[in-house]
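Paired with chain B in one complex and with chain C in the other, chain A is shared by the two complexes that follow.
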Partner chain A sequence: MFCRSFFGSQLSSISNLLGRQTALSSTTGVAMSAQRQLLHSSSAHLNQAPYIIPQPQYEQPMIKPEEKRPNVMKVIEREALARADVDGRSKLFIRRAAPKARLCAGDVVFVETQNSMSDPAATTSFTGVCIAIYRRGIDTSFILRNVVQKIGVEMRFMAYSPLVKRIEILQKGEGFRRAKLFYLRENPGKTFQLKALKKMAQSAATAKKH
Partner chain B sequence: MFSRSLIATRPVGAVGRAAHNLTQQSQFSTSMAALRAKLPHEKVRYMPEVSELKLGTYKPESQRTGVIARKKGMTGMWNEWGVRVPVTVLQLEKVQVVSILKTSCPDFARLQIGCGTRKEKNISKPMMGHYKAHGVDPKAKLFEFPITPDAALPVGTEITAAHFVPGQLVDVTATSLGKGFQGVMKRWGFAGGPASHGTSLAHRTPGSTGNINPGRVYPGKKMPGRMGGKNVTVMRLPVMKVDTALNCIWVKGSVPGHDEQFIKVRDSTKLIKHRLFPEGAAVPFPTYIPGQSAAQPREVIAKVGGQDPLIPASD
Partner chain C sequence: MIQMKSRLNVIDNSGAIVAECIKVLKNAKWAEVGDEIVVSVKKARPISDKTSASQSAAKIRKGDVRRAVIVRTKKEIRRPDGRYVRFDDNACVLLNNQQQPLGSRILGLVSAELRFKNWVKVVSLAPRVV
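Let's look at the complex of A and B:
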């Protein structure tokens, strides 16, 4: 995940601190879903092999019947997205979906990421207003902005990264008429004065995954 | 007959007869034979004898053949540590051994590899005769790769993506993107001149081109000119993934040239501090043979190994 503080590089260490302070590491050891576990075959019997077999396996490439001479890059992207979309998060990024179903600029979003692949239980959480969405297939990403201890913090998350465990929309945004809300850096208005959202974030972090 | 061992057998042909004649006692024939043996048109040629395609054992001294692939584009993938790596997708299109070439050195053979297809009407008659003589469909691109004789393949063998081992290092050669006529700052990385403080018309110029002695400009002096469009080899790119159904390999990083370009891929050669193949990997030698080599899954991803980079190292 990318941590990009708005006020310059001297705040990068502070935002790291803030990241840790906003972390609500799950003490109950929330286990990954079965699908997610399969995605990363770190099981013991495969540790000896010098290679990894991606799960789930697709024996046949995902070629549509009407594609006579399929474009290799499109097929690769289709398969990569199908593999990375374990919990249906691709529905948040479908441009043509209804605004209440997809992620929009202005939504308050909660993201839980694991700090490393070695320890799935060690997680970091971040809540913020989504100010930008970059739809780039497997490289789809979005930026969340929040004010943490009076310092503006922006974090950019790669949506299909294996380190991103959970993306949840806490509250839909209203009245935002742009796709990119970079003006909030100078003119936040009342966007970040949302104490009720802190409680929402806490409850979302400790909520059990289904 | 020619031998495929590393040790050269006796050469045959005109020079062989000359060498035989040397043993005969004849003052004229001896000197003429000796003279004939040294004539440049009677060079010795060696060729590995490969009749059938069968698996061999890979030795560190062996050099397998390379392939010609097509650059299809770039994408990204996350490795086992959750770190994103940019990858270039190289697709093998009907890569076949077109011919085996004779060499003047017995320790190395040369294979001519062809990639892609071309319509018969677009091939010249001499080239069409060349393909017909070897029983191969017309190819879009030909290239030669030096190999050790134990890695020789019979003509017509198809080389697939399974030839490569995920995690191995490859050297990738292609023509770089042409940049046109470029100035000295872009072409050679010169610093140029100051942007302000009174500099007159000299912000991107090369500056001085020499000294008062010898009073001339050396040939090869770095100056503006055409940049790019040259053969570039990028070395030691790890193969991140092998996909046998789409017949493509994913190499980490970028590769010179544009999309749809022919790229020559071979096992890495400069390996003083690196391992060519990962430990414990089964190397398909001389290539992956579908009937004989072990079946492998469609998609195989390289294991990076090492320490988890996202955990700070304990001091």
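Let's look at the complex of A and C:
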């Protein structure tokens, strides 16, 4: 690597400064943080260059202490998740969270979405029964199903999209023994009789506005 | 994903009930919400003499060939923010030669994609847009 050879002599001194971090991180981790420190320390001559080096948001890479050889992609995923998790919605998708706080298949969920980044006030809301959750880190998504004017509508939301303003569980589902409730498309029963919850959703929307 | 031979529900008050796609009017095999297609009416409401005399709206009979715009699809549609929308059926609204809806009312919900594809009249007639 070009940078490593260039800053070769300085790297060893920096890695000594890092101390405990060096022992546990891989060489990639050390090189990444070391380079960042070097770039910022010698930024005097670099500021004349036609590019801007942004400050790192997380000074230390998010490496767990038990990871001897951390995977770069995992670290990047964790940082992306931490960056996107502005209002703590990741608690909905942790498998080991308390049953009340966790989003399960069968819960009645209210989602408020911004229509575009340019106008934060223009929002659309959708209420529905969660029939599937795909836990994929930053690409976590869930499908809500509702029957609107006698037509079934399903909407799949990306949980960590900045356009998704609010995810609220209106009612916890009971008696659903599956992770994916696709059978509800053919056999809905009384699942989608959500008129009472529509009022709850509207009150949730107005309550949040005030 | 509507193609030739796909059957769609007609959700306006033009008289047609089921229409079959016979041509996708873009250089592609499949049509999505907001695309124009040519349909042949397969099922229509019976036209009595009284109604035909009173209304000046076009009389749609079984076997008529008309243009239509797709308003709902069972295949999920991707929105730019990563959302996907799916409806439980495929539905269309019949059009006249000036790309205006034939019927005067739309019964049922339509997809919001129509707004982005400039079907203003259809969106304004629809009781609910999702």
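Quick note on the criterion: the second predicted complex is superposed on the first by the 152 of 210 C-alpha atoms of A that agree within 3 Å, B and C clash if a C-alpha of one lies under 4 Å from a C-alpha of the other, contacts with A are read in each partner's own complex, and residues count from 1 in each chain.
In this section, contacts are C-beta pairs under 8 Å (C-beta built on N, C-alpha and C of every residue); 3 or more make two chains touch, one makes a residue touch a chain.
If you're wondering where the values come from, they're calculated on a predicted model, not measured in any experiment.
Visitor: Spot which of chain B and chain C makes contact with more residues of chain A, would you?
Guide: Counting residues of chain A touched by each partner, the higher count goes to B.
Visitor: So in the superposed three-chain picture, is A:Leu163 touching just chain B, just chain C, both, or none of them (first/second/both/neither)?
Guide: both
Visitor: Scan A:Pro54 for contacts with chain B and chain C and give back first, second, both or neither.
Guide: A:Pro54 sits against chain B, while chain C stays out of touch.
Visitor: Applying the touch criterion given at the start, work out whether A:Val72 contacts chain B, chain C, both or neither, answering first, second, both or neither.
Guide: A:Val72: touches chain B, not chain C.
Visitor: For A:Ala98, using the defined touch cut-off, is the partner it touches chain B, chain C, both, or neither? Pick first, second, both or neither.
Guide: A:Ala98: touches no partner chain.
Visitor: On the A-aligned overlay, A:Arg185 touches which partner chain: chain B = first, chain C = second, or both, or neither?
Guide: Once the two structures are laid over each other on A, A:Arg185 reaches chain C alone.
Visitor: Looking at chain A, which of its residues have contacts with both chain B and chain C?
Guide: Of chain A, residues 158, 161, 163 contact chain B in one complex and chain C in the other.
Visitor: Contact residues on chain A for chain B in the complex?
Guide: Against chain B, the touching part of chain A is residues 40, 42, 48-54, 57-61, 72-73, 75-77, 80, 114-119, 137-139, 158, 161-163.
Visitor: Please name which positions on chain A make contact with chain C in the complex.
Guide: Residues in contact with chain C: 113, 126, 141, 148-158, 161, 163, 185.
Visitor: Using the touch definition from the top, list the residues of chain C that touch chain A in their complex.
Guide: 72, 76, 81-89, 108-109, 127-128, 130
Visitor: Across the complex, what residues on chain B touch chain A?
Guide: Spelled out, the residues of chain B in touch with chain A are 72-73, 75-78, 80-82, 84, 89, 91, 166-167, 245-246, 248, 278-281, 297-303, 308, 310-311.
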